[in-house]
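Please find the structures below.
After this come two complexes, each holding chain A, first together with chain B and then together with chain C.
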Partner chain A sequence: MSNTPKQTEKLPWKCGKCGGELERGLVKASYLGNDFEVQELKCLNCGLVLITEELALGKMFEVEQSLEDK
Partner chain B sequence: MKVREGSLTSTTESLCPECLRKIPAQREVQGENVYLVKRCPEHGEYRTLIWHGSPQWASWVRPTIPTPPKECFTQVDKGCPFDCGLCADHYKTTCTALLEVTQRCNLNCRFCFANAGTELDEPSLKVIEGWYKNVLAASGPVNIQLSGGEPTLRDDLPEIIEMGRRLGFNFIQINTNGLRLAEDSPYLSRLKIAGLSSVFLQFDGTEDQIYQAIRGRQLYDLKVKAIENCAEHGIGVVLVPTLIPGINTDNIGGIIKFALKNHPAVRGVHFQPVSYFGRIPQEPLDEDRITLPEVIQAIEKQTEGLIKAENLKPHNGRCSFSGSFTRRADGSLKPILNNSCCERPERADELARKTRTFVARQWSGPELFKVQTVKDNPGDSWDNLIQQLKTYAFSLSGMAFQDVWNLDLERLKNCCIHVVSPEGKLIPFCAYNLTAKNGRSLYRKGR
Partner chain C sequence: MLLMEQEELKLLEDKCTQENPPACTAGCPIHVDARKLMSDIQKKDLKSALATLQKKQPFPGIIGRICDHPCEDVCKRRDVGSPISIAALERFCVQNQSSNSPKAGMIPEKSQTVAVVGSGLRGLTVAYDLAKKGYKVTLFDKADRIGGSLWDFPKNQLSPEVIVEELSVLSRLKVQIELNREITRLDLADLQEKFAALYLGLAKQSADAVELLGNNYDLDPVTGATAIKGIFGGTLADNDSPIRSVADGRKAAISIDRYLQGVSLTASREGEGSYESKLFVNTQGIEPLPAVSMSNEQAGFTVEEAVQEASRCLNCQCLECIKACKYIESYGSYPKKYLRQIYNNNSIVMGMRHANKMINSCSLCGLCAEVCPQGLDLGEVCKASRVTMIGKGKMPPSAHDFALRDMAFSNSDKFALARHQPGCNSSSYVFFPGCQLSASSPEHVENVYKLLMEKLTGGVGLMLGCCGAPADWAGEQDLFRRNWEVLAAEWERLGKPQIITACSTCHSMFQTKFPNIVSLWELMADMELPGQEDMLSGGRVAVQDACTTRHEPSIHNAVRKILQKLKYDIEELPYSRERTKCCGYGGLMSFANRELAQKIVEDRISESDVDYVAYCAMCRDRFASKGKRTWHLLDLIFSDDLEQAAVKPSVGFSYRHENRAKLKRKLLHTLWQETPSDQEEAYMSINLQINDRVWGIMEDRHILIEDIQQVIGYAERTGRKFTNPDNGHSLAHYRPLRVTYWVEYEPQEQGFIVYNAYSHRMEIVEGAHE
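Here is the complex of A and B:
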């Protein structure tokens, strides 16, 4: 993703649940019985994953559609 | 009409195979078999096997709420199937519109819907533009299939594709025997540049004796070459076998294995059980037919369980089945679950839209044949995932066309494959190709 922050960059996000720092890492996602791993930002402390609106309505939605039959 | 004891029946309407008059019909369930039974007051009773075995007839439904076309080119007058154009009583908008761009062909097949013709009879680009515009008015920018005859006999086919793309059609496929695609790579390149999305390739089997029996020539090597050429140009190929009992029904597993071997260039297989059009001296026997559940069972049996019957679901009611899969690295197939299917009634226009989207995504030629590994592109695994899901997707589907013997007008009203007639009307595929026993056509001119 072109807007993905680099590891070294200071992230503008803090975890909304526990206030912890976020870091990019592999995240397990599942849809209609299909499991896969993707790189996303997650809380180092509690593991909460950040899914931006842009991602949910964009690439994530595209993946969902790819997994839906006609 | 006699109703046999112990049988379950439901009623519909059909046509008399001799005189094409509309007559009442019944679907009669007897054990594993379902028959369409009808009686013409003048020509007597007809009884045709329409379903045999599992999945059971009663289970194979996809309830749909009818939605009429946006614009109708004919009025409801004599009733279905005599007012096609589409009329306001048609249940479903278009999934795919077929444009017959020529009636010429370079094969002479035993089983064919197409007519014969000369170059002089071909529609001009201006006429074809009018057809495209009628499709847009009736159904919007649906999927287009350019058919014939053999469409690749037209040297200006790239211009026809380009025109369609310019008018807003995003998915354009050609229905072809592949002969020219095998032998004329520069032509294929022109088709690709013009915007061709996919090739619907007549592919009856993996053995030459099958082609000899059906097409009168040994064509297997040419088919393989055509697929290779399409792969080189990034054009998706769908293998389309016409299934004829005793000729290639034992090759169903072989065809699927061939498709997987040539995946991802081959995007899927679309089976078409034979139907009987044109002048038929004898009424086809039940043994001359293979029904959808028999195709489904053969898929499971002949792929040694690689594909399970339960992974194939009804699509357009009792006309079709479909299943989609992801091919794993070890060659196995993971079925894609379909939770949205078959429980609650769906709006017909919504179902048509889903079909169009699925077909366009699944059958298109990926610019996506090259899948990046996560290592190559560590920063963006969503893009990679999307690409992998598209590239490794594989589909199996089948559609049973109706002929004058097994025609069920309820099914016809639900049809979403529409042929554009020379006058620019949209006519459901099975109505357009329907002929009486003596070969007289309901809609095609000159027959």
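Here is the complex of A and C:
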């Protein structure tokens, strides 16, 4: 799962808490007892992780569905 | 049936006859696939047609010209016209396509030898079948040529050239032919010594047979084995039927092969020879068509005539459930296959469960059982599988979560209620309108309750809540039971009054649980209804029977009686009453498989052009959502503006909650003069501006107003959100329980404009919260 399918495309979002730029960093995700570590955009100061609509409804949904059928 | 066992699966599979052969194939002693042959001819693919014949027939050029076609006696076209001229079409094939016999050398040779005595159709078939399996076959005939009585056919039917050409395949299969060799009883011992097995290609009890074997001609009719080990013979007493002679030879060839391989001669031989197929074929409504006649009987069918005649083939299949059910159709196969897939799905210990979505997409409506000649109910299997999946913890959480939360809402304090009629302290009746009518048309719940209080004596109590159907459909038996226990306790507290249901689903859920329930429609059918006298002719309407009333003819009749009272002309849909179709909400189909549920609505609303009347709130709303003018039956009784009622849009998920909550507050206030203690959460006062596009997105994605309010409430309180300096939008998320909701929004003076909303179920572990 990658938050930035087009590496060059810059997302307009900044951290609303500290105003900082978002950077790719290691994020822990889990579903139905399965844990993963993935690279996602986050605010390194505040820990906020951005999940875009494209990711949520695309790759992430696919992974959820296949874990549900496992 | 919780866990389908192998035996149970077998019993269920046997109910689905789709895989059984068509009558013609079963009726053919050697099971030629005439249905496939007709399809080949329709496509003018004679190469394939000949291959179809060759698959079963040893010498298609011969059989195709002389077959006595018992298949035609059982052809289903007989019921609607006359049987397909299968024999004449076979002749057409072999006259117009030269055979392409098996090439020698393709078959792994066996060392065992077989002697075949007599070269009529029996002996020829045995020689051919066994040579094809690689045995070393020697064919003896007392005449100077092989073929026996084949030479007796008129030349214009079976010419010598064809006999020679067709039988030449035996040489290519390396069959040794010994002519002018009469075999007598004296030769038997010698042959037994030289050959591993012997076949006497003679009719049973014929003079030759008796001469050869004497008292030993005691034949097993199933295998063709004689009393002497290794010697086999014909089981038919005559030579009248060419195709039965071929079958007789084939039977012996199978026995000889088994004998030489040292396996059982008798095991599983039930399927051999002619039998009656179990395949169900519905010929109702099929246009009768007479047989196509030949312009020249001598020459046989022309290509055009043959294609036309073959096109009369009904392509016999059952498919009764597939014709009736879009769900069964949509998975591209038929129940027998689905049963196996479901069984495998339930049995998987490790690995992917590919049938989960199929199991959860069934509306459990029971139509398949109604139309299946054997009563196979795929819905029952799906339902039982859901229970199994829940039991094993393998139910995909996303399938039913939203519907179960909706149920929880309806049974929370926000909606649930159980009261005696205002001013009464006992109840002879209690009205249970159900959660969906209360959500779609809360005003009708009020109207009906007032009417019932006016018309009935002894006190009419009111119970608001959910009957538990979503839990039942989701396979959540424990939840359903707990829900029912709560409802039963309330009902007992009210003094066990007679329950009046307005929703067919509630009715079906309560039927076995509560004694003496009655549907609102049954009561109303015998009541004087408001505005009844003023009605002029109401026009023509088609009735959508709710699928949960399938076996409730008294409800079907009551609904029609009400419509007649209101002076409507009733059109019966092609599928109505016990054969009605689900709207796609039943069984929670619309949550597990939204696309399919939409198709099901489109299919149902296209059955008639006239306006529909439904007596289930979900049917009504789902049809209206696709633009079909549909009334709820109560609209016709209580609505002031029928035009508006027919086109009223479906109430979205968010407002379904709100309508239920408002209904409870309103009734408490107006009927019981109570001011409900509103314990609203702070976020619920957040004011949102949502345009139609965003509404559509929210409905599609099952996101409620309160979900959005919670996200914004949390983000604005904690500052945990992202911002876009270019347009001033904020993007934030919140996870109340199992789903993370994201909202893109912009603060305004009076609240927030919502631009987008989406969700995911996967949990992201973030750094420090708040």
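We take it that the second predicted complex is superposed on the first by the 57 of 70 C-alpha atoms of A that agree within 3 Å, B and C clash if a C-alpha of one lies under 4 Å from a C-alpha of the other, contacts with A are read in each partner's own complex, and residues count from 1 in each chain.
Everything that follows uses one rule, which is that contacts are C-beta pairs under 8 Å (C-beta built on N, C-alpha and C of every residue); 3 or more make two chains touch, one makes a residue touch a chain.
Everything quoted here is computed from the prediction, not taken from an experiment.
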Room on chain A for both chain B and chain C (clash or fit): clash
Which of chain B and chain C A:L32 touches, first, second, both or neither: both
Chain B versus chain C as contact partner of A:K59, first or second or both or neither: first
Touching partner for A:L48 - first (chain B), second (chain C), both, neither: second
First (chain B), second (chain C), both or neither touched by A:E68: both
Residues of chain A touched, compared between chain B and chain C (which is higher): C
Residues of chain A at both interfaces, chain B in one complex, chain C in the other: 32, 60, 63, 65-66, 68-70
Chain C-touching residues of chain A, taken from the complex the two chains share: 12-17, 22, 27-32, 40, 42, 46-51, 53, 56-57, 60-61, 63-66, 68-70
Interfacial residue positions of chain C with respect to chain A in the complex: 351-354, 356, 396-399, 715, 719-727, 730-733, 740, 742, 756, 758-768
Partner chain B, residues of chain A touching it in the complex: 1, 4, 32-34, 36-39, 55, 59-60, 62-63, 65-70
Contact footprint of chain A on chain B as seen in their complex: 313, 315, 322-324, 326, 334, 336-341, 354-355, 357-359, 361, 378-383, 385-386, 389-390, 393
